[in-house]
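You will see two complexes here that share subunit A, one where it goes with subunit B and one where it goes with subunit C.
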Partner chain A sequence: MGDTANLLASVFLDTISYWWVIIPTIFLGLIVGGIPGFSAANTIIILMPLTLSMDLQTGLIFMVSLYSAARMGAGIPAILVNIPGTAGAAATPLDGYPMTRQGRGQQALAITFVSSSLGGLLTTVVALATMPILARVGFYMHSVEMIVVMLFGISLIASIAAQDMLKGLIAGFFGLMIGSIGTDVVYATPRGTMGFLELYDGVPLIPALVGLFAVSEAFIIIEKKVILTDEGQAAMANPSWSATFEGVSIALKRWVHIVWTSLIGLIIGVIPGAGASIASFVAYQQSRTFSKTPELYGTGHPEGLIAPESANNGVTSGTLVPLLVLGIPGGATAAIMLVVMQFHGVSFGPSLFERQPEVGYGMFMAMMVSYLLMILTILPLSRYMSRVTTVPTIYLAPMIISFTLVGAFVPREYMFDMFLALAFGVLGYIARRTGYHVAAILIGVILGPLLETYFLRALKKSQGDMSILFSSNIGNVLWVLLVLSLVLPPILKLKRKRRDRRLATLSGDYQ
Partner chain B sequence: MVIPVLAIVFTLYFFSTILNSPWTAQVSAFSLGSLLLLFCVIFVAKTVYQLRRGDGTLSFGNIVSRDDLASGRVGLFLATLGFTLLIDYLGFTLTTFLFLLVSMTILARGRGFMRITLVSALMALGGWAVFILAFDTRFPRGWFETTMKAVLANG
Partner chain C sequence: MIRNKHMNRRELLTRGVATTGMVMAAPSILRAESYPSQNINVYIPTREGGGADRNFRAFTSVWKEKLGADFEPGFYPGASGRVGYEVFMGKAEPDAYNLIFGNMGPEVLNWAMKEPNFDINDYVYFGRVDTDPGCAFVGSESKFTSIEEIVEEGKKRVLNVGTSRMAHPASIGILALGEKTGAQFNLIPLSGGKNTIAGAVTGEVDFSVLTSGSVIAAGDSVKTVLVFGENRVGEQLNNAPSINDHYDMQLAEMLSSRAFAIHRKAIEDFPERYEILKSTFKETFDDPKLMEAYVAAKGTPEYLNYGGEEECAEFVKAMLELGAKYKPLLTGA
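Up next, the complex of A and B:
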């Protein structure tokens, strides 16, 4: 025990000495994370020659720092201009952007930075401490269990639909249908592709994200001189450091919320194939379900911002567990890390921590140091970042369109994807103008194909027998939790209403 | 009504593409699509009922109106379409510069042209420096990128 602690301390101190790599990488990560299409995975691929030329430790620290910073960076444009940098930040603008419009962008950024950093730090420590147990989670999560996890995320549509049930459900199911475009996973039969070969792999996520959020937002914001409301402009007239401290204080007061939502992210991150988008939707939905003030979600509620941000940073440390212990990458970035590590002759498995502890523990320590340095370097910048919201929309809207449309081109390098983003932009604009929630459409587009894949896998295994959905113990526990999370909130709401009414009657009698 | 109508048309088209497919291609789409059609039918019925009671009207007023022409939204959309069509031929830098210049001028109704030109040029050049020069991404290349590559290669 003492030896391990000494080893961890020495690896930690050794990692800190690489601050000269970590700090510039943090800024690079924040930039690439903030531009849709430029994920950490893409950037590591682009910079692969540079990464391979570094020694193993420097290369790993570089990749891990970039990964963590990109995750945090994706939330910045989501909060400031309603454009998530990656699908993992798609739930962030639900409450982050309303805060910005109210002139609380600086607080929102501070809340995001604190909850992301604390979520990332905490889950890194938990991942280190419980690695052998966590590594087994992937073995127990089969297609049936994954179906229920997906449904947890999709049930967020129901929350969004709460404001206008029918419109919310139409938007969500329309998204699920759009997500079904492409060939089916078993026989590769093309469906709904309109003859476009580019859609055979399904609807690419970044063009959908860019269109639904960025392009449609650009067409909406030109109605006003700046994106802020009148009250927001008044609040932004005299910026001060106190708004940042207020944001930090709001986040720290909700530390319990940070803890449990980041743990949701960690567990989902450990499951290969699941990702930050699922984690953030599930965390947002659960946070709303168990909140005492669910009606405030979507109006600029700090807890609605903390939940997705803590969760998607929890995923970051979670993905390292199956990578290091089993050699199974949990996502695209982890897969690229695997390639780089194999290039340097690293072999994976539990023995990695005995043979090359500086690599095994070093990756977690790099993540920890990155989050620590991130909070120190980025928090002071929130005051200046929030000034973006005061840029006149005549400049902002064209910049958003040009850079995000090109971002839609980047992942697959098809010109088709830019046209697709524009088509999604038109759809998003119509949806916004007629009272449909674009986030509900996006949830469907993201989670629809995943749900179908797991559903078909389960049915193939059971040869079409639907009872397989209730055949596993873990799955059944998850089903019960899902039903409870859907049924409990209205019951609690009813109880609360009755209690309030009773209290009002009692106080009336007393008077 | 636009979104429900789009959803109905798309779902029916989707169904038509899977009629003769194996069950694995149909099961999820038919179940999701049927529910979507059901929601849309309820929505349409609700809207027709409201129309009959005189509680609503059918128009495209909240999507496209004369104000959109005045506010520059239509112009911005056309400029965006032009940007998407031209970028493959003119390359990232030149198209971005032209798009920013045209769309900002439309939105500013011709005011501050010098400032807009400067901002457009700086943004386009900044994008070129970061994405093409530094990161060597495969953004669409055109005359400007080819020329600059030759210039930089020859010192």
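Up next, the complex of A and C:
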């Protein structure tokens, strides 16, 4: 125990001495994370010759810092201009962007920086302390259990639909239909691809994401002078540091919220194949379910911003656990890291911590130090970043369109994806103008294919027997929790209304 | 002495045509002499971070020195490799600056299941990098410790077997074992090598089948119990027996085999470039650095196995025949 503590302390101090690598990498990560289409994974691939030429420790610290910073960076354009940089940030604009429009962009950025950093830091410590236990999560979360986890995320459609049930459900089912385009996961038979080869691997997420959110937003904001509301313009007229401190204070007051939503991210992150997009939607949905003010979600509510940002940074540390303990990368970036580390002669798996403990612990320490340095370096920038919202839309809208189209092109380098982003943009514009919620469509597009994958896998295992869905104890507990999370809020709401009515009657009697 | 000679019309025409011909031909002559004058784009029909990625980087790190140009990978996953091939055949210029690095095992089996949109004779595998036998393996915490235990259990109940994709040589290997022993195996496609390993390790499936190179790279998280070919690496595959020796079978080796391929049109239009590619590819195998690169990348040097156009063509033919035989089982028909 004492030896491990000494080792951890020495690795931590050693990692801090690499600040000269971490700080520039943080800025690189924030930039690539913020540009749609770029990500830590493709940046590591592009810079692989550089990474391979570094010594093991420097390369490791570089990759981990880039990974953490890119995750946080994806939230910045999601908040400021409604462009989620990655699928993991898709739930961020739900409340982040309304805050920006109200002139609270600076607070929103401060909230996201604090909740991302604290969420990432906390989950890294938890992951480090409970690694052997966490690594077991994947042993219990198989296709049946994952179906229920997916349904937790998809049930967010029902919450969104609460304002207009019919339109919400139509949008959600439309998204699920779009999500089913591509080849099936068992026999690779193309479905709904309309002959487009580019759709064989399913509807690509980034063009769908930037089209539905950003391009449609650009079409809408061009009708106004600036993206800010009248109150927002008044609030932004006199920018000051106090807005940043207010954001920090809002986030810190909700530390419990940061803790439990980041833990949702950590647990989903350790399941191989699950990812930040699932975690952020599930965290948002759970946050809304257990909130005393669920009606505020979607209107610029800080908790609606904290939940997805804490969760997606929790995923970052979570994906390292199966990589280090089992040798199974938990996500795309972890898979690329695996390749680079193997080139450096590192063998992952159960015996890594016996053979090369400095590598195993070093990855977590690099993540901790990155989050610590990130909060110090990025927080002061929130005041300046938020100024982008005051740029007139005649400049901002074309910039959004060009950035997003480039972003749509980058991941696969297909011209088709740029047209697809525009098509989703038109679809999003029509949806908004006619009162359909684009987030409901997007949830279907993102989570639909994952749900189908797990569903078909479970049915293939049972050879078509549907009772497999209720064959596991953990799965059954999750089913009960899912039903409760859907049924309890309306019951509690009804109770609250009755209580309020009773109180009103009582106060009327007294008067 | 300067001769004062006037050029007549015929001479002018002859020299003019000759000069024009030379000018027209110059770029291709120059290109041929200087090939390669730019990096080579390589289409990889799987995701980055997998076995193909690792294998590609190790091999090209040496080949680029012989060729004098770097290789730029582009990853085009989807539909069990079909997307990468369709993009390569449909969009890449057939100029010998575009190659595909595929797996002749599962990807050719795919064509036997469902023909692609292009003629499969329009591309040619010319450089085999390795031959990697498939294997069956369990997670390190599995209750199964040997293939006998698996077969015994498979006679009592249907066992779920993880596989990278339905049409995979290793899938055929386990189905053949089922036919021989009467054990019942239900293939569960888990989309890629990493997920197939994860499926066995976490207990999503009873055990998995995959190319053994990827299983070796997974380290001590897994234990191999049977090889669908010769076990050339002994301890690295836990001394697992060969299917033919163990069950007295005559099954052909169920191999994955990564190889570089080129458009047939590029071979016809630029034969000199094709020769350069082939000769430098062969030279790469003669360089001891290749072995070092493979060891450094956690690859399996024992599987390095040079093959030219002829060997590749034989392999493709065998795969197509195998695919036709097992098509009903692999397509659920």
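Here is the rule we go by: the second predicted complex is superposed on the first by the 511 of 511 C-alpha atoms of A that agree within 3 Å, B and C clash if a C-alpha of one lies under 4 Å from a C-alpha of the other, contacts with A are read in each partner's own complex, and residues count from 1 in each chain.
The rule we apply is simple: a contact is a pair of C-beta atoms (placed from the backbone, for glycine too) under 8 Å apart; a residue touches a chain by one contact, two chains touch by 3 or more.
It should be emphasised that the depicted structure is a prediction, and the values quoted were computed from it without experimental measurement.
Student: Please work out whether A:Ser351 is in contact with subunit B alone, subunit C alone, both, or neither, and reply first, second, both or neither.
Tutor: Touch partner of A:Ser351: subunit C, not subunit B.
Student: Touch check for A:Gly327: first (subunit B), second (subunit C), both, or neither?
Tutor: second
Student: Name the chain, either subunit B or subunit C, that contacts more residues of subunit A.
Tutor: Of subunit B and subunit C, B contacts more residues of subunit A.
Student: Identify the partner contact of A:Leu209: answer first if only subunit B is touched, second if only subunit C is, both if each is, neither if none is.
Tutor: neither
Student: Just to be sure I read the superposition right, which of the two partners does A:Ala311 touch: subunit B = first, subunit C = second, or both, or neither?
Tutor: Neither partner.
Student: Going by the contact rule set out at the top, does A:Glu223 touch subunit B (first), subunit C (second), both, or neither?
Tutor: In the superposition, A:Glu223 touches subunit B alone.
Student: Between subunit B (first) and subunit C (second), which does A:Phe403 come into contact with in this model arrangement: first, second, both, or neither?
Tutor: After superposition on chain A, A:Phe403 lies in contact with subunit B alone.
Student: After lining up the shared chain so the two structures overlap, which partner does A:Val186 touch, if you call subunit B first and subunit C second: first, second, both or neither?
Tutor: Touch status of A:Val186: both partners.
Student: First (subunit B), second (subunit C), both or neither: which does A:Val11 touch?
Tutor: After superposition on chain A, A:Val11 lies in contact with neither partner.
Student: For A:Ala366 in the superposed arrangement: first (subunit B), second (subunit C), both or neither?
Tutor: After superposing on A, A:Ala366 lies clear of both subunit B and subunit C.
Student: What is the shared patch of subunit A, the residues that subunit B and subunit C both contact?
Tutor: Touching subunit B and subunit C on subunit A: residues 185-187, 189-190, 413, 460.
Student: Using the touch definition up top, name the residues of subunit A that touch subunit B in the complex.
Tutor: Touch list, subunit A to subunit B: 43, 46-47, 166-167, 169-171, 173-174, 176-178, 180-181, 184-187, 189-194, 215, 218-219, 222-223, 393-395, 397-399, 401-403, 405-406, 409-410, 413, 415, 418-419, 422, 425, 427, 429-431, 433-434, 436, 448, 451-452, 455-456, 459-460, 464.
Student: List the residues on subunit A that touch subunit C in their complex, please.
Tutor: 41, 45, 48, 138-139, 142-143, 182-183, 185-190, 197, 200-202, 272-273, 322, 326-329, 332, 335-336, 338-339, 342-343, 345, 347-351, 412-413, 453, 457, 460-461, 463
Student: Enumerate the contact residues on subunit B facing subunit A in the complex.
Tutor: Against subunit A, subunit B makes touches at 2-4, 6-7, 10-11, 13-14, 17-18, 21-25, 27-29, 32-33, 35-36, 39-40, 42-43, 46, 62-63, 71-73, 76-77, 79-81, 83-84, 87-88, 92, 96, 99-100, 103-104, 107-108, 119, 123, 127, 131, 135-140.
Student: For the complex, give me every residue of subunit C touching subunit A.
Tutor: 47-50, 53-54, 57, 74, 76-80, 82-83, 86-87, 90, 110, 113-114, 117, 140-141, 158, 160, 165-166, 186, 188-191, 194-195, 197-198, 201-205, 217-221, 296-298, 331-332
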